[in-house]
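Going by the order they are written in, the chains are A, B, C and D; count residues from 1 in each one.
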Amino acid sequence: MAFNKKEVIRFRHCDPAGIVFYPRYLEIINDLVEDWFEVMGYPFKEMDACLGAGVPTVNLNIKFMQPCRQGDTLFLELVCARIGDSSFDIKVTGQRLEQPVLEAYVTLCFTTIGKQISKLSIPEEVRRKMLEYRPVQETASL
Amino acid sequence: MAFNKKEVIRFRHCDPAGIVFYPRYLEIINDLVEDWFEVMGYPFKEMDACLGAGVPTVNLNIKFMQPCRQGDTLFLELVCARIGDSSFDIKVTGQRLEQPVLEAYVTLCFTTIGKQISKLSIPEEVRRKMLEYRPVQETASL
Amino acid sequence: MAFNKKEVIRFRHCDPAGIVFYPRYLEIINDLVEDWFEVMGYPFKEMDACLGAGVPTVNLNIKFMQPCRQGDTLFLELVCARIGDSSFDIKVTGQRLEQPVLEAYVTLCFTTIGKQISKLSIPEEVRRKMLEYRPVQETASL
Amino acid sequence: MAFNKKEVIRFRHCDPAGIVFYPRYLEIINDLVEDWFEVMGYPFKEMDACLGAGVPTVNLNIKFMQPCRQGDTLFLELVCARIGDSSFDIKVTGQRLEQPVLEAYVTLCFTTIGKQISKLSIPEEVRRKMLEYRPVQETASL
């Protein structure tokens, strides 16, 4: 199972060359992760309030294959590529007109929030939810 | 030789957890590349006008080791890790209080600008300038 | 008739105080105007290509009554408060839980795009569409 | 006495029309206010920690006279136009090549920070500092 979302490219995403300014893709991916947590039943907002947890990004690997422009529709797909004790990896792919636009591997980590930041184990209920988003072949080998 | 710059973390860089929102680091790195081209004598603005070229980011690999907060000073260092025909890699490291904050490898590519984007060879004069920013050990092996 | 839209406040909109960083409200309003033009049948993208026109913001007057936080739903309403020869005013109101969040008056101007920017008369077909978004009492007095 | 600053327009500030996207000007003004507080001896960061105070923007009135493009230098000037009990107004002007680019009146308010936001009187020492940035004619009439 994958988490899917459509994102329409906006004027505010684009640079003087008329294409998406790449830090904006990271904002788009951040929104995607936010939506995924919401769908899993753990909105960022409540995780903060209830679990005292945040999920900062600790590693990012992203490849851009072709540009997007204002008005383009970007089809995003998120799967959960790895689940560790505190950190987990997602794979995000983006397509436009069935052509690849971007492919990203992002590592996020459950941490405390506040002045001192330390790792937290991924809460068991969140982990179980995440497992549903493992790609088929990888789930099979668990 | 490396290109160095200090960046003070601003209110606008920070998220509700009080730490830099990671897409803002990519904006900071984009500014760094912009400054580096300016120092090499090829401002983005003129490259566009004179060479008809842009340098979109095609690949990014970034690791975040510790968070930064408003008022922190981030010390950035850029070296040119690889120079190909059209594309080149930079390595960017960021430190705060002599502790590593981030390490990034970014691949940028010389391209035409406009509706159709195609690769351009890196202009010879730009390539020569970039070579000055190769790390010592690698320059030795050229 | 008014143009209405819901906007969910995101992590990326919020500042270290946990409330929307006010320049993000202007991005939200820019998206709203973009959506309104799309609904009127004149997407920004095509206006640029077909009419050779852009609509930069020339004046902005905005009041913030209460803060919004991540997860809040902001209900936006846009009416067209004035239509001049080249410029027009919109009034944008934002509410959260039926309490006022913001009230803005924005003046935008039809202009040429490119190196030299000069005023353009609002195309007649665009003007006719805009008139449908005049508030009732004002339309009556036309 | 006025608080002055130069800001070089960056690639990241500019939109597909090649000019500064106006919400970026508000980020630039936010940085200016941040720098001004720093120079007055009350960095935002410490105000938060020491005074338990924040200074959200409650009203903004801004006029854009001409566009700026990447590489342009924007000369900014800030004076303190009014000091009330909790809120104060600043006037910000921006020039490029001695031509006016923008003129803004911004009202900010001292408030508590946290879940509940309520007005705070401007601390006496901050008020005294602000008075130094009143424009000459207005100071005379105090």
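What to note about this one:
Everything that follows uses one rule, which is that contacts are C-beta pairs under 8 Å (C-beta built on N, C-alpha and C of every residue); 3 or more make two chains touch, one makes a residue touch a chain.
Since the model is a prediction, treat every value here as computed from it, not as a measurement.
Seen from the C-alpha centroid of chain D, the farthest chain centroid is that of A. Comparing chain pairs C-D and A-C by the number of C-beta pairs in contact, the larger count belongs to C-D.
With centres set at the average Cα position, the gap from chain C to chain D is 24 Å.
Measuring from the averaged C-alpha position of chain A to that of chain C gives a distance of 30 Å. Looking at chain D, residues 11-12, 16, 21, 23, 27, 30, 70 sit in touch with two or more other chains. Here chain C touches chain A in the complex through residues 10-12, 27, 30-31, 34, 43-45, 69-71, going by the rule given at the top.
Residue ranges on chain B touching chain C, taken from their complex, read 11-12, 14-16, 18, 21, 23, 70.
By the touch criterion given at the top, residues 16-17, 19, 21-24, 26-27, 30, 48, 54, 56-64, 67, 113, 117 of chain C touch chain D in their complex.
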